[in-house]
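Here chain A shows up in two complexes: once beside chain B, once beside chain C.
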Partner chain A sequence: MSISLKRARAIFVKDYKEFSRNYALSIMLIFPIIIALIFKRAGASLPGASGFLFNSSFVLLTCFAQACLIAEEKERNTLRSLMMTPATTMDVLIGKSALVFVMSAVVLAISTLLFGYEPANIWAFVAVIILSIILYTAAGTICGLFSKTLLEASLSILPVAFIFMGAPWGAVLVKDYPVFKVLDYMPSSQLVHLLGLSNTGYTTGDVLKPLLINLAWTVILTVVSVILYQRRLKDE
Partner chain B sequence: MDVIEVERIRKSFGHKDALADVSFSIPKGEIFGFLGPSGAGKTTLIKILTAQLNPTSGQASVFNQPAERMQQSAQKMRFGILTDNSGLYERLSVEENLELYRKLYDLPKSAVDKVLQFVNLSGERKKKTNLLSKGMRQRVMLACSIIHEPELLFLDEPTSALDPVNSAHIYKGLHYLNEKGTTIFLTTHDMAEAELMCNRVAILYQGQIQTIGSPKELKRQHRENVICVDLINGESYELPINEGTADQIADWMRQGLIDRLETKEPSLGDIFIKMTGSELL
Partner chain C sequence: MQFQPIYYNGELLLPKIEFNMTPNQSIGIITDLKRKQLLMSQLVDHSHYYIFRAGQSEYLRLTVEELITFLIRVTERNERVALLMDYFALKEERKIKIKDLSSSKRMYVTLLRVFFARQPVLVLEEPYFYLEEQDRRQFKRILDDLTKEKQILILTSNLEDGIISCDAIYRLNESGFHPLDIQDSEEDKQEVQKQDEANITLQKISTKRNDKVILFNPPEIDFIESVEGSILVHVGGENYDCALTLTELEQRLLNFGFFRCHRSYIVNLQKVREIITWTKNSYSLRLNTGQDAVVPLSRSKLQELKALLNI
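Entry: the complex of A and B
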């Protein structure tokens, strides 16, 4: 599968211009910062605060923005026009995901600083944030490709928000409901585990397990989004 | 050389045939009109030829290659498409929209100026596309589809709902493109447009080609064998074409009585109605 960085960059630049003029969507950039400020006031040691900050940012910013960018292209028939140009599946998906990736990374970096979170292992933290941005971007792409309009896209992220943001809280109920054990394997739960590593000591396994589980999620959702996009190339 | 070859194409959606046993070919440099009412299967065929749909049976080839290959980047460089499913980025200016396509087709910067002149929109280049009239938007979409000067251009009802001035702009541009060697596949339900633009037309009805040929040929084939004569005294006659009529007309001419003389030629619309028993929608 060929990739032309020139074409991907052209789509990135186009998306940046569109996004910067779309105030309804670009306002989403401030939500993670607002959440960070609210939790900072409440105290950075508040249990689950860092997990909530990151997981809600991934859903409300990364996933939502990507879903809206894709759905808007579908609603206005520009995605079909884009598909008829020489841009390949990877050119389009990389170009369209790059903006959300950069935006999420910058906003999360600012939010982390404002919130005052200090990771126990900076490399593991950076790795899990990068993996999470990619996997939530892929989830957003899937939601966008399933939606026909912006409104549908906004609604389609509700299940993602419910499952992914709620999983770490659901995992707390595992003693009463053993079936909730499965929620521990959600990327949001694994992120909470990793964020909760103690500065005083952790094992390599404590770091590797969440990273590998989230890597698996990232690969699966990315492959699904690519397959779904390729199916949308056909009008069957 | 044929640019498009379609052989016994059938496309079914459920139990309904959108196209049934459609065959034709289009040589390089031709403007070919695919005529029919809404829902006749015109857009379905464009989708098959541009690899957006697979046929249920039959074969279609474009540039001597199976139509499915039109999804490859190298093939997409060779054709352009304008359909009612084409769209513009509303928050971007005309120039920014075209700039995207220029980069996607890897063209020099001059391509944008050239195509803007071509569609007569140089003065509107900085305008956001959501502020343009429908006719101007259609011209921008046409510009996006021809910025790379394609060898083959698919146009799906390019002037539907446009006023005559905007339609004329588009016709002029398309003739110019065709003179430069672009083969044009045009679908329309506007018979006057087909007559003005096309070298050959096929009339499609209920998924089947009813007739195919140049507008002139079709009119000749379907011409009624009568001659209409208007005399200067106001009398009108419809006479069969035979020796007796020739003598009569010669006689009237000698006396200087003839005001108007013409064969009774049907329009493409008349031919369509005759062949299908349906009015155009």
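Entry: the complex of A and C
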């Protein structure tokens, strides 16, 4: 399958204009910043605050934006029309994901600064954020593919929000229900572990384990989303 | 072009269809919604057929110019935006967002997607349905230019829409798939037989339907057409078989204000509302009865008609 940066860029520019003029969607960009400001007031010492900030930003911004971008194209039948142009599946996905990636990265950078979070290991922090953005973009793609309209898309991210944002809190129940131990392997829980490392005293294993688990999640979800994309659009 | 037959509940919905698509030719198929979908569902090869469906919508928040720029980039063409905007006659609308256009203009802009198609065959479902007259003319001009390098198939339920830009028209309905004769060619010189005196006094036109013989008063008839040799009398949107030939009917109906406007058509002049002058066929007559009532008018018959109507 050929990938053309020129076509992907055309899709990027087109989606940027569409997204920025749809205020119902672009208002989502300021939510992570608001959350950052609120938690800064509450004090950075609040346990789990940074984890909540990042996890909720990923779902509300990255996942939601990607799902809406895809669902809106489906709603208007423009995706089907795009498939008859030389633009390939990868062109479309790369163009859209790149836009979501850039938006998420910029907004998260701003909210991290506002919140005043200082990572123990800056490289591990950057790596896990990049992995998470890609992971949640893939999740958003899947949500978008399963919804026919914009409205359905905004509802379809609810399960994602519930599972991914809720996973770190599931740890509370582990004592009563050992089953919930699996929740510890969710990417959001792993992200919380990584963010929670203190500046002093951490081993390479502490950093590497969450990174590897999240890498596995990212690869699996990305592959699933690409395959699903090709399969769902063939039926249309 | 070939379509496989489709049966539904033991009923033949789509007969086996085969027709030649020569380059530089556009073909229209007049049919209903169900059959349109069945036809389109058989054209799955995206590298060969570009399908424009009636439900197509557009990126509403882009301006017209941004949309054309996007379409040029994504299809990797080398045209200049400004030149194309001129060609599409959209100069005045270039800064307007698509959602703010009138619904006819919005549909026109959406239809421009077919201009950028790289496939050799373009299939359009109801292209003219939502367009106002001026946009119809614009789009017909673009389609005519596209015909030079592509084959165009138009699926519509309206004969008039087909006549606008098709060289050949077929009708597909429960009685099968038949070509309609709309071509404006030299009249074939038929020997006009002298009618007997007795026949002229006969006032009813006898037709057959489901083994019943139905008699019509000539003023009831909208128009009469010849489809593959059989004569169909159209009355109030329905059609009935008639055993007479067009020449006989012409003779018989002359005194009732009927006019042989085309090799295959006789029209009731009392029911003509409009002479359409910009269709592929050069001229057509629109009747003021029911739906889908458009009849082709040969170039050579136009003068005769004008004389008859004193215009």
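Some points to look at:
Keep this in mind: the second predicted complex is superposed on the first by the 235 of 236 C-alpha atoms of A that agree within 3 Å, B and C clash if a C-alpha of one lies under 4 Å from a C-alpha of the other, contacts with A are read in each partner's own complex, and residues count from 1 in each chain.
We take it that contacts are C-beta pairs under 8 Å (C-beta built on N, C-alpha and C of every residue); 3 or more make two chains touch, one makes a residue touch a chain.
Please read these numbers as outputs of a predicted model, since none were measured by experiment.
When both complexes are superposed on chain A, chain B and chain C clash. By the touch criterion stated above, A:N77 is placed in contact with chain B and with chain C alike. After overlaying the two complexes on the shared chain, residue contacts for A:N22 are found with chain B and with chain C alike. By the touch criterion defined above, A:R231 lies against neither chain B nor chain C after alignment on the C-alpha atoms of chain A.
Of the two partner chains, chain B is the only one touched by A:T88; chain C is not. In the superposed model, A:K6 makes contact with both chain B and chain C. Within the superposed three-chain model, A:K14 lies in touch with chain B and with chain C [touch as defined at top]. The contact surfaces that chain B and chain C form on chain A in the two complexes overlap at residues 6-7, 9-11, 13-14, 17-18, 21-22, 76-78, 80-82, 84-87. On chain A, the positions that touch chain C within their shared complex are 4, 6-7, 9-11, 13-14, 17-18, 21-22, 75-78, 80-87. The touching residues of chain A, counted against chain B in their complex, run 2, 6-7, 9-11, 13-14, 17-18, 21-22, 76-78, 80-82, 84-88, 233-236. In the complex of the two chains, the chain B residues touching chain A come out as 47, 50-54, 71, 73-74, 76-77, 81, 85-92, 96, 100-101, 103-106, 144. The part of chain C that touches chain A in the complex is made up of residues 46, 50-53, 55-62, 66, 70, 73-76, 97, 113, 116-119.
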